[in-house]
Amino acid sequence: MSRHRHKLSRKAGMPPGTLHTDGEPRTGPVRITVMDYDAEHVEERKVGAIEECFPYRDTETVTWINIDGLANTEVIEKIGRHFSIHPLILEDLLNTDQRPKMEDLEDYLYLNLKMLMLPEGSREIRVEHVSLIVGKNYLLSFQEDIGDVFDPVRERIRKEGGRVRKSGPDYLAYALIDNIVDNYFVVMEKIEEWVEALEEELVINATRESLQKINRLKKDMLFLRKAVWPLREMILALEREESPLIREDTHIYLRDVYDHAIQVIDTLETFRDMVSGMIDIYLSGLSYRMNEIMKVLTLIATIFIPLTFVAGVYGMNFRYMPELGWEYGYYTIWGIMITIVVIMLAYFRKRQWI
Amino acid sequence: MSRHRHKLSRKAGMPPGTLHTDGEPRTGPVRITVMDYDAEHVEERKVGAIEECFPYRDTETVTWINIDGLANTEVIEKIGRHFSIHPLILEDLLNTDQRPKMEDLEDYLYLNLKMLMLPEGSREIRVEHVSLIVGKNYLLSFQEDIGDVFDPVRERIRKEGGRVRKSGPDYLAYALIDNIVDNYFVVMEKIEEWVEALEEELVINATRESLQKINRLKKDMLFLRKAVWPLREMILALEREESPLIREDTHIYLRDVYDHAIQVIDTLETFRDMVSGMIDIYLSGLSYRMNEIMKVLTLIATIFIPLTFVAGVYGMNFRYMPELGWEYGYYTIWGIMITIVVIMLAYFRKRQWI
Amino acid sequence: MSRHRHKLSRKAGMPPGTLHTDGEPRTGPVRITVMDYDAEHVEERKVGAIEECFPYRDTETVTWINIDGLANTEVIEKIGRHFSIHPLILEDLLNTDQRPKMEDLEDYLYLNLKMLMLPEGSREIRVEHVSLIVGKNYLLSFQEDIGDVFDPVRERIRKEGGRVRKSGPDYLAYALIDNIVDNYFVVMEKIEEWVEALEEELVINATRESLQKINRLKKDMLFLRKAVWPLREMILALEREESPLIREDTHIYLRDVYDHAIQVIDTLETFRDMVSGMIDIYLSGLSYRMNEIMKVLTLIATIFIPLTFVAGVYGMNFRYMPELGWEYGYYTIWGIMITIVVIMLAYFRKRQWI
Amino acid sequence: MSRHRHKLSRKAGMPPGTLHTDGEPRTGPVRITVMDYDAEHVEERKVGAIEECFPYRDTETVTWINIDGLANTEVIEKIGRHFSIHPLILEDLLNTDQRPKMEDLEDYLYLNLKMLMLPEGSREIRVEHVSLIVGKNYLLSFQEDIGDVFDPVRERIRKEGGRVRKSGPDYLAYALIDNIVDNYFVVMEKIEEWVEALEEELVINATRESLQKINRLKKDMLFLRKAVWPLREMILALEREESPLIREDTHIYLRDVYDHAIQVIDTLETFRDMVSGMIDIYLSGLSYRMNEIMKVLTLIATIFIPLTFVAGVYGMNFRYMPELGWEYGYYTIWGIMITIVVIMLAYFRKRQWI
Amino acid sequence: MSRHRHKLSRKAGMPPGTLHTDGEPRTGPVRITVMDYDAEHVEERKVGAIEECFPYRDTETVTWINIDGLANTEVIEKIGRHFSIHPLILEDLLNTDQRPKMEDLEDYLYLNLKMLMLPEGSREIRVEHVSLIVGKNYLLSFQEDIGDVFDPVRERIRKEGGRVRKSGPDYLAYALIDNIVDNYFVVMEKIEEWVEALEEELVINATRESLQKINRLKKDMLFLRKAVWPLREMILALEREESPLIREDTHIYLRDVYDHAIQVIDTLETFRDMVSGMIDIYLSGLSYRMNEIMKVLTLIATIFIPLTFVAGVYGMNFRYMPELGWEYGYYTIWGIMITIVVIMLAYFRKRQWI
């Protein structure tokens, strides 16, 4: 997961609100889509230049402008100017390490959170920084990369009669957040699978790699925790917000998504507890196997070492060793040795080693 | 316990308040019972169709409608429409992973909590999601499955003169919650038995399975914790609620059940501490036994290895080995070897190994 | 300590305020004593039937009715009726698992806490559930069993001129709580002795039993903690109480006993930290001893195994082994073997194993 | 450190405010010194009888009466009566286990804290219970034993023109507390030395004693923690106190000493973290050394055991063993054995054991 | 890092506000620079004597006086007198162990924090104590040593038209703090590198030094934590400050730097978790390797010890041992021994040891 992290220090020494570190605005690839709707109509466009979106700002209908790709700072700057967004907010938009937060700037609310995705068949959780700017009758959403989890929302906007069509950008913001949080459950479920697979592996056949898997899972948890804990506060702040931008009847929906966020956190903490107990299981598994190995060694060694000694005694070349001349000396010795073995085995059985 | 958990991700992408994921309302089995009572009369019915309950809503008497089985979303929806319940609340009803909470929607209060049951002879704690909707003169209760712990309450309703008959749905809600919490103590006692049995096992004869038992107990604790901690907040919220739906003299009863919830949490935390200490006992047991095994190996090896060496020396075939020709050489060697053994044993005794 | 715990689940399914589970009031042994006093007079009686106490209720003097033994629910019920005590409070009186709390019911205050006693020569701490009901001019105290720590208070009541004689039931309640908390220090001191004895044992000669002792001490701590932590809140609630039942000048005394409760908690937490570190000492002791054993084994084995090999070589029966025919072959071999031993010992000394 | 602790249970059963447990006031050794000063004059006396101090109470000048030695309860009682100090405060004065606290009794403030001293060359930290009573124009200080850290304050009082001479008893109290807290840093520095010495010992040559040292340091931390944490609250309470006894411009000084107390706590917590990590280092050191020992044993054993077997084979006395008759049989066997050794060593090198 | 720490106890016994412990003001090296600017002009000077700066105090333009080097207490005192700074603040300026805090003294705000620097190629993080005094139209900054991270701010002041030129000393203070916090990210990134390198080392080839590296990293974290946690509170206090010295529109900038501080803390806590898990990985690595070693020993020993015994038996010199005379005795014995080996290997394979 850490490979998605950007250079933290990128910006040291820059004045606040700097969007491009090298003085030149960057013009990376970007995809802009607009949905403009009210109860009666809906219009959906993919625009080439950001300027095409600007007329929508002043209409009464709800406008959702979605920007995929943060590499093009030129576009971000233009939007910032047109929608009079504070330079620090623009900086937060681009800072993909920014922790989830909500900021009320009177004319608009700024929200950001992490979108988690699990690409088909991948072991890596993809983390994407998503920012929402909720204005009076527009919503701007900024995503790190192309590809998101918002298709169900788009579908609901397209269908006539849904709640989203009758509501404002605050409800749209809720719908997007709700979709992101619902996707957390998908990720949680995957993690649950991993945790359970790993637990089974530990019990049945722990290897050197198991430890690394535990460690990786632990780090995944740490990073998810950083994404999810502040989310709770962010949604709570939003729910308690008394801005006119949040309509009265949206609050119950926010409370609902807040409950879901808490549920994600609870689940995550449960997994954390489970994973942190795994190291103990791994270690005790090692100790247990060591015990097994030592038991075998001890059994073999304690049985044969005395026998070898007995054999050694009668391999001595003293001239006067009466036993050597006895007719049944050899058989007697075998008898003694078998007796020793039997006593040993009885002792081990008594101590429950065999 | 985890086998009772439903798919967390079931619902990702659905609009809020969606009760059926496939577009079609489901019509699973459901059992509806109604109790209608006031101080003078009591009526108890098992109804076939949910519509039969609706007339009770407008009577002055207290009506308790109990729905067993959440699989029939059609019934849930009808109730929702008739009692004008918010779609999000209906969704919470059905979301069996919902953590305990209380919500005041002015016309009614929504509560949900977890019912714990211990089926006779089972090692599995059964967790059931229970929701209560407390209105002016009705109480709706929704349970995941048929079978509950409410029979004592029903009995008290049937008997004339009890407090429940003279009180409103708020007291009935209290009585149901109180019954659920009282059953937690039954579960706690069972867990206490398990914990104590496991502790004894660890001291007397820890095996590889002991570790798995510790782990399972630990996970049980984690899941119980998720059920019980938010319960406390829920009851506290209820007790502090200033809704007219909660009568003045019900508060002392809520405070009482709050005390019980705290007691459950205390007990659970004590168990958690005990279980988390078990891993240490298990590990130190392994170490201790390893020590014992190594001691035996060391005793045998350190006694016989030198003796075998001595025997080996006089098994050499050098032509000129004066000792071999001595008349009492053999007996002298035995004397030397016995001396070695005695010294070794004295040394071991001094170090308290034998 | 756990043997004092009652069945938690005793009461599941009973209506709130039920004192006897089988429908019949129980009439177990009970001992009732009354002290009635004011600044001028003091009267002390042991009464046979609870009814004899009732006249005292309406006098202006302070009346302390002490009930030893909670098995007689008939007596409890009569008192409840006469002093109009809420059924839930009566239930709390009898629930010996009830955690310490304070409840203000306007006409009286209900307090309960745990009395700790250390019977002479016993390893078991005795825990007794004590409830106090503080009314306008009476104080009822309920104890689980006969035998308490209140004799010094009785003595002070008997003596003329003491503060207790000039004060009301609130000061009497303080005096009883103060005595109970002072006795906690006696118990703490005993635990300190146990902790220190165990620490010494661990350092000098840890055995398999040491682990069980650590575990027992840990459990004792857990149970004491459950008794002592809520006590703090209870006393704090009492001190902040603005009921007219608590006179102005009693508050400083309550603050004093609050300080003592904090001191008990501090001491307990210190012990907890000390005990929780003991497992590490125990485990490292095991590891250390294992090291010692392995060192001896390694010393003996690594010295004699090569020697035995050398002896084995010259025990071979090849026809052409020139060394065997040498005149000083045997002595040369001894020389070689002694050299090997010397080198080995020098190596071990260098590695600081001997 | 624990040897400085007094019997906790000394007082169980005594009425509150009892200063002498045996009914008789004790008359142990005590040293009383008085400093009386204002901006213009300063008078310093060592008095024989406490009564000599009383006239100073009613003067306008600041009077600091310092009592060394708490064994003389007669003196304490006389002061208590003369300055009308509450009996519970007198009890707190004498209770050397009392945790730091501040109490406002309108006519005077009561403060107590722990003075830490490091006697020259000692490994033991000396803890002394110090109480301050700050009145309108007097300050009483009570110390457990003779000897303190207040000489610099005395010096500043003697010198004309210092701030202390121009200020009231509140500033004097601050100066004393500040001196005590400054001495905490001296103790912290000593502990830092111990911690660092121990860390080095653990890395270079951990012995059985190291564990005991870790444990002792850990216990020292626990006791210091008990002394220092409540100090913070005490100073904070003092700083926020709105009593007229604390002048306006003393508050900034109290905030300063509060910062220092926080700094002490921070440092202590850092040490705690460092010490708690030491057990792990110690244990991993043991494991590491065990590994080293086992490696040597395994090397020697796995090399020589097969060789000894080979030698044993050709020590057998079968009549028909063709190899024995070969002319170069003996040398061939040596060749085989050397090959085995080379292969073994190559294998060990590959596994990085040698 | 600890080598940067000054003697904590330096000052014990000194009156508050003492800047020089030996009575004589010290006159160490010091470098003073002044920047005086408003929107239209900027003046930058390096001054020889501190008195040259004083005229700037009374101008309307913003004046930033930066003092590098705290060794010269004479200079500090002069500034203190001229700008009427409280002696305790001067003391805090010099106390390089002072934890970050904000103090509002009406005429000016006092802030201090830690500047972290990573000298090129060094493994040591350099910590420098920085204090800011923000007055109406001046800002004084005090640094421990020459060399800082403020060059980008200086650059921005020199350039016309920047925000800093149009704002007051509060914005300048923000800019300095922001620069310091941005540099924390540089340090965090370095630590991340160290952590990742160490993790890899632990997995691939843990040595005795690895443990020391873990320990050093852990201590670095402890010290960083002490620097960073109070920073958060300091910035929060500043942001909530209602002093007229902080203009309205600076608050959003302070909130931004507050977010960054939280982000640093989050990152640090993540690293702490990762490092604290490393000890477990190290220990389990040791255990794992021990297992490997023991397996090899056990394999070799259990295979050859029985074989050696068999060889020993036929090395005995009994006169009557029929096997010795058999023609194929020798080959039979080889057959038996090979069978033993095969059985052993099969057993080991079954147990998954080879």
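Letters are used for the chains, namely A, B, C, D and E, taken in the order the chains are written, and counting of residues starts over at 1 for each.
The rule is short, and it goes like this: contacts are C-beta pairs under 8 Å (C-beta built on N, C-alpha and C of every residue); 3 or more make two chains touch, one makes a residue touch a chain.
Model, not experiment: these values are computed from the prediction.
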item: Reaching chain D from chain A through chains that touch each other, fewest steps; value: 2
item: Centroid distance [mean C-alpha coordinates] between chain E and chain A, Å; value: 26
item: Mean-CA-position distance for chain C and chain A (Å); value: 42
item: Touching two or more other chains - residue numbers and ranges from chain C; value: 283, 287, 290, 294, 297, 301, 305, 308, 312, 315-317, 321
item: Pairwise touch network: line, ring, star, complete, or other; value: ring
item: Ordered ring members, chain A first, chain E second; value: A, E, D, C, B
item: Interface residues, chain D side, partner chain C - complex; value: 7-9, 11-16, 86, 88, 91-92, 97-99, 101, 103, 205, 208, 211-212, 215, 218-219, 222-223, 226, 279, 282-283, 286-287, 289-290, 292-294, 296-297, 300-301, 304-305, 307-308, 311-312, 314-317, 321, 323-330, 333
item: Sites on chain E touched by chain A in the complex; value: 149, 151-152, 156, 162-164, 175, 178-179, 182-183, 185-186, 188-189, 192, 199, 203, 252-253, 255-256, 259, 262-263, 266-267, 270, 273-274, 277, 280-281, 283-285, 287-288, 290-291, 294-295, 297-298, 301-302, 305-306, 308-309, 312-313, 315-321, 351-353
